[in-house]
Amino acid sequence: MTYSMFDVVFYGAGAFSVVTTTLAITRTNPVYALLNFVMSILGIALVIFVLGAPFAASLEVIVYAGAVVVLFLFVVMMLNLAHLKTDFGVKRGRSVRLAVPGVLVISIIIEIGIAFSGRFGKETTYHIIGPSAVGRQLLVADIIPIELGSMLLLAALLGAFHLARLSPERGRQ
Amino acid sequence: MINLSWQAPASLAIILFALGLIGLITRRNLIFVILSIEVMLNAVALLFIVAGMRWGHPDGQVMFIFILNLAGGELALGLVLLLRLRARITTLDGDSANILRES
Amino acid sequence: MGNIIWIIPAAPLIGSILLGLFGARWSNRWSGFIGTLSIVISALLSVAIAVHWFQDPPVDEHMRIMLWRWISLPEYSSYIEFYLDPVSLIMMLVISVIGLLIHIFSTEYMAGEAGYSRFFAYLNLFVASMLLLVLANDLLVLFVGWEGVGVCSYLLVGFWFHKAANGYAARKSFVVTRIADVAMLVGILLLSNALGTVSIQPMLAKAALLWPHGGIMAAAGAALLLIGGLGKSAQFPFQTWLPDAMAGPTPVSALIHAATMVTAGMYLVIRLYPLFALVPSVLTVIAVGAVITILTASLTALVQRDIKRVLAYSTVAQIGYMFLALGVGAWSAAMFHFLTHAVFKALLFLSAGAIAMRLHHEQDIFRMGGLRQKLSVVFWAFLIGSASLAALPVVSAGAFSKEMILASLWESPGLGKWLWLAALFGAVLTATYIFRVVFLVFFGEVKTEPTGHYGVRIVVPLVLLAIAASTIGWLEMPKFMASSSVFSSFLEPVLGHPATESTLPHWVTAAGYIAPLLGVVIGFGLYRSGYWVRTAGPVGQGNDGGQAERSMGEGVRRFMRAGFGFDFLYDRLLVQPFLWLVKILRNDPIDAIFMSAAAAAMRFHGALRRSQIGQLRRYAGMLALGSMAVIVIMVFA
Amino acid sequence: MSVLFAFLHALALLLAVVTLAAFLTWVERRVLGFWQDRLGPNRVGWQGILQVAADMIKIFFKQDWIPGFADKPTFIAAPIIVLASVLLAFAVIPFGNGVDIVGALNVGLLFFLGMTSLSVYGVVLAGWSSRSKFSLLGGMRAAAQMISYEVFMGIAVIGVVMQAGSFNLEKIVAAQTHIWFIVPQFFGFLAFFIAGIAEAHRLPFDLPEGENELGAGFHTEYSSMKFGMFFVGEYAGIVLLSALSVALYFGGGHGPIFPPIIWFALKSSFFVIFLILLRAALPRPRYDQLMSYGWKLMFPLAIGNLAVTGGVMIALGQ
């Protein structure tokens, strides 16, 4: 079995994103966690690119890394949590409390593994799906979901705006 | 050319999802809760890409776009709530944000 | 001429709407003017139609005018249609003319009362409804008018609604008559179902054609309609509402509860007499019930203190006479008695109102006295009215109509003689109780000093009615006097020729004339001996004999004073069980079943709520567990 | 072999861009001096051209001092991110004559947008890791400004993408054989260029640095070569913006007589000079003015441009 360059890139980027994600969820400093998350996103973007979805990969970088996480970082900086080292959330009965999510997660992985194994075949019809194909699917076949998505965003916008304005505490502080 | 089967990236997505779930369950800090949710969303998005690759259909990427949409909206609201919560309880410990309880 | 019939009920209706909408903003003078004007229009048109009728009777002796189709169903239609024949013409004349006089009286009587325009709005609406009732050619339309007058009666009895007792009286009159009306509605539906129409003339023709004499369907329909009529006319066993209805203003009592509305039951029976003629058993029931009504009401009237209650019971008794006539098939006698009764009872009520007006609304006859000189106009009016009510021979209208009823009773087969005897006894009682009032109120020493004076609007109606009360009886006189039969020949096309009088013995006629005189003599004798004053009973309604001696006679009197205990009986038989049922159902035993389900849900909710602890991570864990379960089910099941 | 060649090719281009950016520091000072009626650096070499070399020597040999209160790994990573993201973006620029790295990338324009959005991290992290108030304020300003302006930058270039039918920059250049997109996409170009200035935080939109308010903004605490990287990154950003404007709106290398690369260089130089002229000519707005300008004027303009473009294209049946 030979490995092509794509395989190498995939496994490298995949391992990279797994490692950075692990780091992201275990950091105590939110900024480091976010940086690791950005790394993970870049790794995933690479994976997506390798999987033949350059458009999605670009969006992953532009939207996720470039807007979503920047916003996140912005809020963290605004909260000025630089020195707020947060603990892991587990104090008493550490082993027991870690065991619960551990068991949960492992059983889910096993379940999904069983569910996936032996299904959907092994062969892959690999070809690159460029932006125009996606665009056609998106704007012709899925025009109603697009509208629903835009309404979702509008609702989120209004909700965020309202929640940010509504400030009963401001008078007291 | 490429001889990557779909199982490997799918497994990657599942691992990332599991990591996000662990983070969601174990972390107290609400920033990390939101972060974990984003990780999970991201993993699901990746899984859709994998499905799109498996069947060679753009629908996978379409779903990816919808998930981005959802993640954006979710994050905006989540962060605003985070700010409000911070103003109210002066900590970001999710466990102490249970003052809705009656007794 | 017939085309303008619709204006007659429409004018008071429009007047009522105008008063209802704008009356509150108008001055009292203007309200009274509008309210009276609308009736003037009706009355003038009625008189014009009547005059025209006499000069040139229409073909087939009736007029019919169809306004529009009301209900249109595949197999059933109902029309807003007016039907005028001699019977309804007389009703219409009485209603509009007496209504006009009472309106004129009211404009002065009600002066200074709060709600002046409201009063006239109600009164106009009443007249409109009543005219609709008598003119309707369709039982459904008639029923609309029927309920309309019921509503107006309720509104006017409770006119001074600030007092709880008035509200109670209004509710009582409303509820009692509604109970009867339900039966009537059932009867109408039954007829419409059985005959396919409730348009009166075709319906009667069909009934006579389809149903055998004494058939069960005819009996059921007639009985159900009769119950409605008994309720409206305050006959046994529905008579209890009318005395309480005297809580309303006196002109209302005169118009509604004496002259017009309470005779609606009689009118219904006459209007549908072919149907009733089919079932002699129902007629017998009418007659027997009427006798019971006459005797109980007359005896009750004998011991009342309140002048208006005396008149109310007398009304019940007089309508009983009409029903008695109906019960023996003397339709035109009933109509004639209706006519005379309407005149003299309106006169009596207006006189009573005029007395009360001058005596600070005093209605207790034992606190009056010696008003003969002080209120001479009213004295003469009341005296003429009383004579007419007592049926004093020759000088009064009532004598001729009552004589006609007595004659037809004597002639009727079966129970006829017994009915005659009871009616004769009732006539004695009538004369006794009304002259008791006359003597107590107008003779003896003055107990309450009258104040103020009468305006022209009081005097004119009284005078006109008094003249009518003494002369209207000459329309129909027995053969041995003048042999005038204008009235019955006028009604003949509708009601048929009255029974012949050839077989009537002279002593029967004489007894009919002597009985009232005997009653007057008894009344005077007991007045002179002071018996009336001694047995006056306690002040007020007289329902409890607190400090009076517990003798046997007093007990009987107390029983009579309370209207033979019908109120008590109904209270125990109907009201108390109902209240008891309500008390049981107050906490809704059926509902408890559902409430227990709700309570269980609440407890379950309380238990579930404990899991809502606000721990985000636990929620997430639960979510993950749930997802796991779903995957297990989807994948492995 | 080809891998090695490609690597050398990329390295050469990289060096060229970096050198060009360094050279621009001298050009800007000289040109500004000329416009502001003063001399500028003119002592080292002919017309002071060696001033670039002198600055480099100085910057390399200054003490590389990291403040004790700073967050060290991030502090070091920030300038690298800035420079790297800008330089990576050059990979998709089609200079003409085959002088590019992946100019034919099918999502080339998106790659550029992604890299510019990544460069935000450098600025934000620099501001945060310095742990000083001026720096933090500068970083946060940069974050908000760049997110805001990137939105309508992306929307503005979609007009070009619609007309060219591709995200591929080479195809976009090829589509301008007959008419430059500046003509049909004039408003798109306005929005794009203004957003580009804000993205590169050049004057007049240099609020993240804002010398008179924030010291030097996000790079207040930086010294030596780390500062140099920001410095070079900024000038590389100017070159990038100019090059992209040319590629998207001014026909790329199209032009008579000269080979495409010469035309590309000439057109880019024009924009570089124009950007320097802007610095000399325009005052700096207030921060809230900047934001409302972006969201309330440029954003609707870009959307309107997009709508009109789409409508006209449908009407013309393209």
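Per-chain numbering from 1; labels A, B, C and D assigned in written order.
The rule is short, and it goes like this: contacts are C-beta pairs under 8 Å (C-beta built on N, C-alpha and C of every residue); 3 or more make two chains touch, one makes a residue touch a chain.
On a predicted model such as this, the values are computed, not experimentally measured, just so you know.
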*Which of the two pairs, A-C or B-C, is linked by more C-beta contacts?*
B-C
*Looking at CA centres, what chain is most distant from chain A?*
C
*asked:* Report the chain ID whose CA centroid sits closest to the centroid of the full protein CA set.
replied: B
*Between chain B and chain D, tell me the centre distance in angstrom, where each centre is the average of that chain's C-alpha atoms.*
33
_Centroid spacing, where centroids are CA-atom means, of chain A and chain C in whole angstrom_ = 87
_On a C-alpha centroid basis, what's the spacing between chain C and chain D, in Å?_
101
*Please compute the C-alpha centroid of chain B, do the same for chain C, then give the distance between them in whole Å.*
82
*Numbers and ranges of chain A residues touching at least 2 other chains*: 55, 59, 67, 71, 78, 89, 100-101, 104-105, 108, 112
*Which positions in chain D touch two or more other chains at once?*
none
_Two-or-more-chain contact residues of chain C, please, as numbers and ranges._
617, 621, 624
_Touching pairs of chains, all of them, please._
A-B, A-C, A-D, B-C
_For a test of understanding, state which residues of chain B touch chain A in their complex under the given definition._
1-12, 14-16, 18-23, 25-29, 31-32, 34-36, 38-39, 42, 45-46, 49-50, 52-62, 64-66, 68-77, 79-84, 86-88, 92-93, 95
*Enumerate the contact residues on chain C facing chain B in the complex.*
609, 612-617, 620-621, 624
*Over in the complex, which chain A residues touch chain B? Could you list them?*
1-2, 4, 6-7, 10-11, 14, 17-18, 21-22, 24-26, 30, 33-34, 37, 40-41, 44, 47-48, 50-53, 55-56, 59-60, 63-64, 67-69, 71-72, 75-76, 78-79, 81, 84, 86-90, 97-98, 100-102, 104-105, 108-109, 112-113, 116, 120, 122-127, 129, 133-134, 136-138, 142, 145, 149, 152-153, 155-157, 159-160, 163-164, 166-167, 169, 173
_Considering only the defined contacts, which chain D positions touch chain A in the complex?_
71, 74, 105-107, 110-111, 113-114, 116-118, 120-121, 124-125, 127-128, 131, 136, 139-140, 143-144, 146-147, 150-151, 154, 165-167
_chain A residues touching chain D - in the complex, by the definition given at the top_ = 31-32, 35, 38, 54-55, 57-59, 61-62, 65-67, 70-71, 73-74, 77-78, 82, 128, 130-132
